[in-house]
Amino acid sequence: MSSHSNAKHKERMTLADEIEELTGINPLKCYQCGKCSAGCPVRIFMKVSPNKVVRLVQLGLDDEALKSETIWMCAGCLTCSTRCPQNFDLAKFMDALKEIAIKKGVITRKDILKFHKAFLKQIEANGKAFEFGLIRDYKLATFNLFQDMDIAPEMFFKGKIKLFPHKIKNRDAIKKIFDKANKE
Amino acid sequence: MMRIGVFVCHCGENIGKTVDCPTVAKEAIKLPNVVYSIDYKYMCSDPGQNMIKQAIAEHKLNAVVVASCSPHMHEKTFRKACAQAGLNPYMCEIANVREHCSWVHDNVEEATKKAVDLIRMTVERIKFNFPLSEIKVPITKKALVIGGGISGIQAALDIAGAGFKVILVEKEPSIGGHMSQLSETFPTLDCSQCILTPRMVEAYQHPNIKLYTYSEVDNVDGFIGNFKVTIRKKARSVKENLCTGCGLCVQKCPIKKAPSEFDEGLANRPAIYVPFPQAVPNIPVIDRTVCTFFKTGKCQMCKKVCGRDAIDFEQKDELITEDVGAIIVATGYKLYKIDKKSKDAAVKGYGEYGYGKYKDVIDGLQFERIASASGPTAGEILRPSDKKQPKKVVFIQCVGSRDPSKGFEYCSKICCMYTAKHAMLYKHKVHDGEAYVFYMDIRAGGKGYDEFVRRAIEEDHVKYIRGRVSRVYEKKGKYIVKGEDTISGVPVEIEADMVVLATAIVAQPEAAKLAQTLGIPYDKYGFYAEVHPKLRPVESSSGGIFLAGACQSPRDIPESVAMASAAASKALVLFGNEMLEREPIVAKVNENTCVGCFYCKKVCAYNAIELKEIKDKKGNLVKVVASVNTGLCQGCGTCNATCPSKSIELIGFNDEQIFYQIKAL
Amino acid sequence: MDIGYYPGCSLTGTAKEYDQSIRRVFSELGINLVELDDWSCCGATSAHATNHLLSVALPARNLSLAKKQGLKEIFIPCAACYNRFVVAKYEMEKNPGLKKRVEEMIEEKADTDIGIVNMVEMFQRIDKELILAKRQKELKGFKVAAYYGCLLVRPNSITQFDDAEMPTSMEEIIKLTGAEPVDWNFKVECCGASHSITNMNVVLTLSKRIIDDAAENGAEAIIVACPMCHSNLDMRQRNISKQDSQHKNMPILYLSELIGLSLGLDKESLGLGLHFTDTEPVLSRFSTAIVAKE
Amino acid sequence: MSDSSFEPKIVAFVCNWCTYTGADLAGTSRMKYQSNVRMIRLPCTGRIDPMFIIKAFESGADGVLVSGCHPGDCHYTAGNYHARRRWILFRQLLKFVGIDESRVFFSWVSASEGKKWVDVINEVTDTVRSKGPFTNYQKLNKEFTING
Amino acid sequence: MADIISIARGVFENKKADILIGYTKATSEGRTRPVIVRSADEVQNLVLNSSCLNNLATYLTRKENKGKKVAIVAKGCDIKSIVQLIAESQIKRENVYIIGVKCNGVKRSFEGEDSKKIAEKCLNCNVRTPHLADETVDMSDEGLTGKDEKAELIEKLDSMSAEERFAFWEEQFEKCIKCYACRQACPLCYCERCIADKSMPRWVESSPTKRGNFAWNIVRAFHLSGRCIGCNECERVCPAGIPLSLLNRKMVMVAKSEFGYESGMSADAPTLIGTYDLKDKEEFIK
């Protein structure tokens, strides 16, 4: 039993409790050695270091943790999780923070969330990712109309981007999965 | 006919407040065979004890039940009082009416009833007690010390100094251990060899110490005071009695490139070698795995040059038995080799630090050799790859320690200090150099230790960065060290010329095997377990076997030496007696009914069950039964519970005593 | 030998040359790829970054399909898909509660006994002698950097594939072609693929570091086994060149393409023409021999 | 169910080094617990023959507690490991012959776990009290009294 | 393949043993009984068929046979008891010459309906070909069949409440007359003085009271836990008809499920009691 389960008797679930419930990770396991931050490939693009995000959660500074851009910048490369001496799966921890942030509507990097939403929308509709649709939707959502304009035509000519989605047969099954996942 | 006396103690108010002691005494006298009962304010006081003694005499008591505090408190006191009155001490039992009754209950009626019950159970039990006497065992006043590092040397010198014989066994060709490899020692920075060598010589020359180097302990039989030890003297291929240590054979040996163990692979040695110039004894040994003669049958250069004809290619391992009364285990530690991807999945290695791949990423002992005046660079700080002086050195702490993911959970304890020392030594030798230390916490809790670390930081300008390094890789002859300073929250990247890893202190690879030979417990890492972490830190749970130094957990030199002296004094306490007295709580076999299934032997953790042949008058074998070696038996009674026919019973806690206790419920 | 085949979305679009070269090479080596019927997306980063349940359920649906179609193992060439499948499987095995919830979502029994095979493992399974026997061209002197990226080796406790920090299995395969793998630093360094569209600056910085280190260590090309890595390293070199005029193009080849070349397959059928960074400057020296053999 | 005045008889078989000492600690710390349990001290859980439990029932116990050192803490190295293995077997046997195995409790209580000892005793006492007298075994015992 | 008579003759002629324990025809039709053969002249009456129900290993530990070199006719199940006896230091491997029987099952009983059925222990037999033998002999396959009724009964008992199970056993144990035939027939009950006969203190009431019967049957089953090899001789010889095999089988199942242990398979393997595993389950321990 982890130390955190005591917290269940508290009136309010702290962010630490929520994370532990969602992932089984006890945030207090982190002893702040900083090896995660040291090896993080996107560290230089972060204002708040990854270990500091954990520290914020440990200290109960829940808003600061959820609002940090860091959780959105995590590339999910798992370098931290692999090298962590405490077997702390920080990448999963970051995912959980994102998931909670979305539920609470605290979204610091709306652009990144929009991308994920656009991507998932394609899967929900077609069962597969559809790049043209994805990029179209994402660009419309972010007004970032000109990025990759140089590559796009070539992609198209090389047959790498199709104008119409390839749809799977049993789209019903996918729809159901999404409905149930969104209900949770 | 059993005549039992019951003595109810008030313990001032401690018992008397919740247990109605006079009523209890009145109830007790009603119990069958109880012929006397009394309550008194303080039974353990002199008048209280005198009451017991008098009652024994006046009422001809042959058993005494004292209702008082826990037997862990005063069982000995009351038994001694009984003995003084001429009653066998084992005819005295305690009913614990304080810790288990008056102190844990509030209701007087309930507590009183329970006290009476506890006395009744004890009275029923004591009816099946019988007089016992302490077991006496003679003691061989000679000690075995396993391991000739600083701990073993210290323990051997202490025991020898007290006038007792010591056998000192060392598996390497020379005594000295890891301490002989060190450059300087923290926190005083005195030269390790300068302080160690005289001790080595003293041990070698001490008339009471018999030294076996290049030898190992093969087997241990017996028990406290009476061990029989088999020592394997490995074939040195050199006759010790003839060799003068002139060193000519070492000079002439054509094989020059065997990696030197002493120099941690940073230098080479010949096939016939003395590990280091100050080695004790100064007698070479042939490494048969690299010697040309042993590989091809040709060469014999050493034999040709030896004027004393001391080379003996035919020499075999020799087994020697020694009788000793005490054993001190001082087998020390190893450094965790992080380049080895162990088969044990728990140890995953540190590919991210490139140790084993990059020549200039070294461990702490290698740095000691580089910094040592007797080392391969004669004390000049030169990096292994190109023998250039590194201008930037990064020291990384906690490599393998405090790392349940890749290494071990525990703190290796000495790395904080030796890393500070390394950084300081480096700065003292390379004045324009930069030293960086990546650490998690600085653990410098020893005399003068924190001051030493502060000196490294404040006076020698060693840059301490709080954070674990994530990656080390080579780029154009430099080693890029990627870290994060977690205090400022700033990423750090250092282009270093050399990286020193403070790798974990681990148990000797053969530690578990030796523990099994000795019958002592060890933890999951292979460190030997002390019997009590606070009050008996140098004793193993096997009587007569003591622990010293880093074989028990990571230890620095002062601690190892202190432990060694403590272990030696434990052995001396033993040797101070002619005979060993032990509580007679041991198992006993009923040879008539024992059928020799030896389940008792299977469950015995002490190898106390031996096979005994039962023969008829004509000498024909009737059967083989179990027999208890009372020297080894510790009295746990697991055999008793396991025996299907109850042909082995634990004296003092036999089935009858327990049954009648249950029955008195 | 028959084996299930899950190409994944990228291989039907941006990485179609990967799919093309795989089909071509494995048919040459006598392996029959049975494409999973009606497969759907694994959810990729977007699922696991936003909805954990979804990230397990999407691969689970495909695992159940595989079971129903009688497949014991599926080969997943995309390292990202591979990782999602292996992790989903692991999490369901570890957490029966999660497995139950997923089963409710997919309305099927979730199967965790389907084997998942990545690109490198596929080649490891093939008899070395067979590859050597079928080799038409020894790519001697061709110095390449084997790039594993993140998702083949991490999390190592789950993928159980090679060493997390110093993997060498891809090099062993590469050596069969005669090409020479170089020792370099960033085999398992992240290229930032998940930020490919949202944060191009990140991708350019990380990709450039990787490409530069390969070049510094003498590589003429980088070999990958992941469409995400490929599109990042290959496509984004245009942007790198724009920012850094000194940038020297580094062709990025799929492992299947490299093997295909040594088997003497023509560049067209391997899809080499579909790359953004031209492969000809380094491959031209091998082409005559290949054409001649055909 | 049981009548409200029922007070269960409970026997505890404990090892000398951990649980007995832990119970001592509960005492020295003046913690309070219910008074139903009668403790029998043995050197080690390894000494405890499971048949002691049957003996306790034969002597009218309504519940039995067996307690010793945590794994790895055994004063005699491995007595508790041997005991644990016997308990696994014996519990299943009790269960199979219909002797309510939930009247038999096992715990590890170390010398420093005075508080745990208190919790264990109270839980055992409450559980057995709510189960009521062990009528099944007492029925067997009664028949003996008539015959013998 | 040689028959039992010629094998037995060979044993004596080649001096492989001093005596041979085997089966011979009993006086009543269809029965066999154990026989001890002392020379080649006595071998002609030996038989081997599906009526050879006894587990002859019981005789190996008899006082009169100790120290002798004994040849024994043993079915796979009986060999398991021999293995167990070796593991428990009761006999030495070199002192026993095992004539292993390749067996396809024996009858459930000598007479009545059950004599047409296969013994329940044979239904899940994993040693039809002996796993430890000096030589082997075939026993004719008589194609016996039958249902494993006890397995169903164990399942049924498991699904009962504790009260119901207690009632079941109370009724069964009430029948016990403490004749100790179960003990006598059991090859692993070799103690010279059984715990049940021990006084001072008395572990098991000597008279057949209900609680004495409970104590006896519990201690018997417990002492056989992890040792019983399931020959079911105890049940076969019980004059009161107590289904003793249920207890033993249950404990065999527990040994298997909790520890993955099967007794009687290897004399060198560690015994279940007498060893431990750090990972033994302890979810029931607070």
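The first chain written gets the first letter, and so on, giving A, B, C, D and E; residue counts start at 1 in each chain.
Following the convention adopted for this analysis, a residue touches a chain if its C-beta (ideal position, glycine included) is under 8 Å from a C-beta of that chain, and two chains touch if they have at least 3 such contacts.
No experiment lies behind these values; they were computed from the predicted model shown.
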Quiz item: Expressed in steps between touching chains, what is the minimal separation of chain A and chain D?
Solution: 2
Quiz item: Can you list every chain in contact with both chain A and chain C?
Solution: B
Practice problem: Starting from the Cα centroid of chain D, hunt down the chain whose centroid lies farthest away. | Solution: C
Quiz item: If you tally the C-beta contacts, which comes out ahead, B-C or D-E?
Solution: D-E
Self-check item: Identity of the most central chain, Cα criterion
Solution: B
Quiz item: Between chain A and chain B, what is the separation of their C-alpha centroids in Å?
Solution: 50
Exercise. Give, as an integer number of Å, the spacing between the C-alpha centres of chain D and chain B.
Key: 35
Quiz item: Residues of chain B that touch two or more other chains: which are they?
Solution: 352, 603, 642, 655, 659
Self-check item: Residue numbers of chain A (touch at least two other chains)
Solution: 44, 79
Quiz prompt | chain C, residues touching no fewer than two other chains | solution = 156, 164
Exercise. Please give all chain pairs that are in touch with each other.
Key: A-B, A-C, B-C, B-D, B-E, D-E
Exercise. In the complex, go through chain A and note every residue touching chain B.
Key: 31-40, 43-44, 48-49, 51-52, 79, 83-87
Self-check item: Residues of chain E that touch chain B when the two form their complex
Solution: 66-67, 88-90, 190-195, 198, 200-201, 203, 223, 271, 273-275
Quiz item: Inside the complex, what are the residues of chain C that reach chain B?
Solution: 156, 163-166, 185, 213, 216
Quiz item: What residues on chain B touch chain E, complex-wise?
Solution: 592-599, 602-603, 621, 623-624, 642, 644-647, 655-656, 659-660
Quiz prompt | In the complex, chain D residues that touch chain E | solution = 50-51, 54-55, 58, 71, 78, 81-82, 84-101, 105-108, 120, 123, 136-137, 139-141, 143-144, 147-148
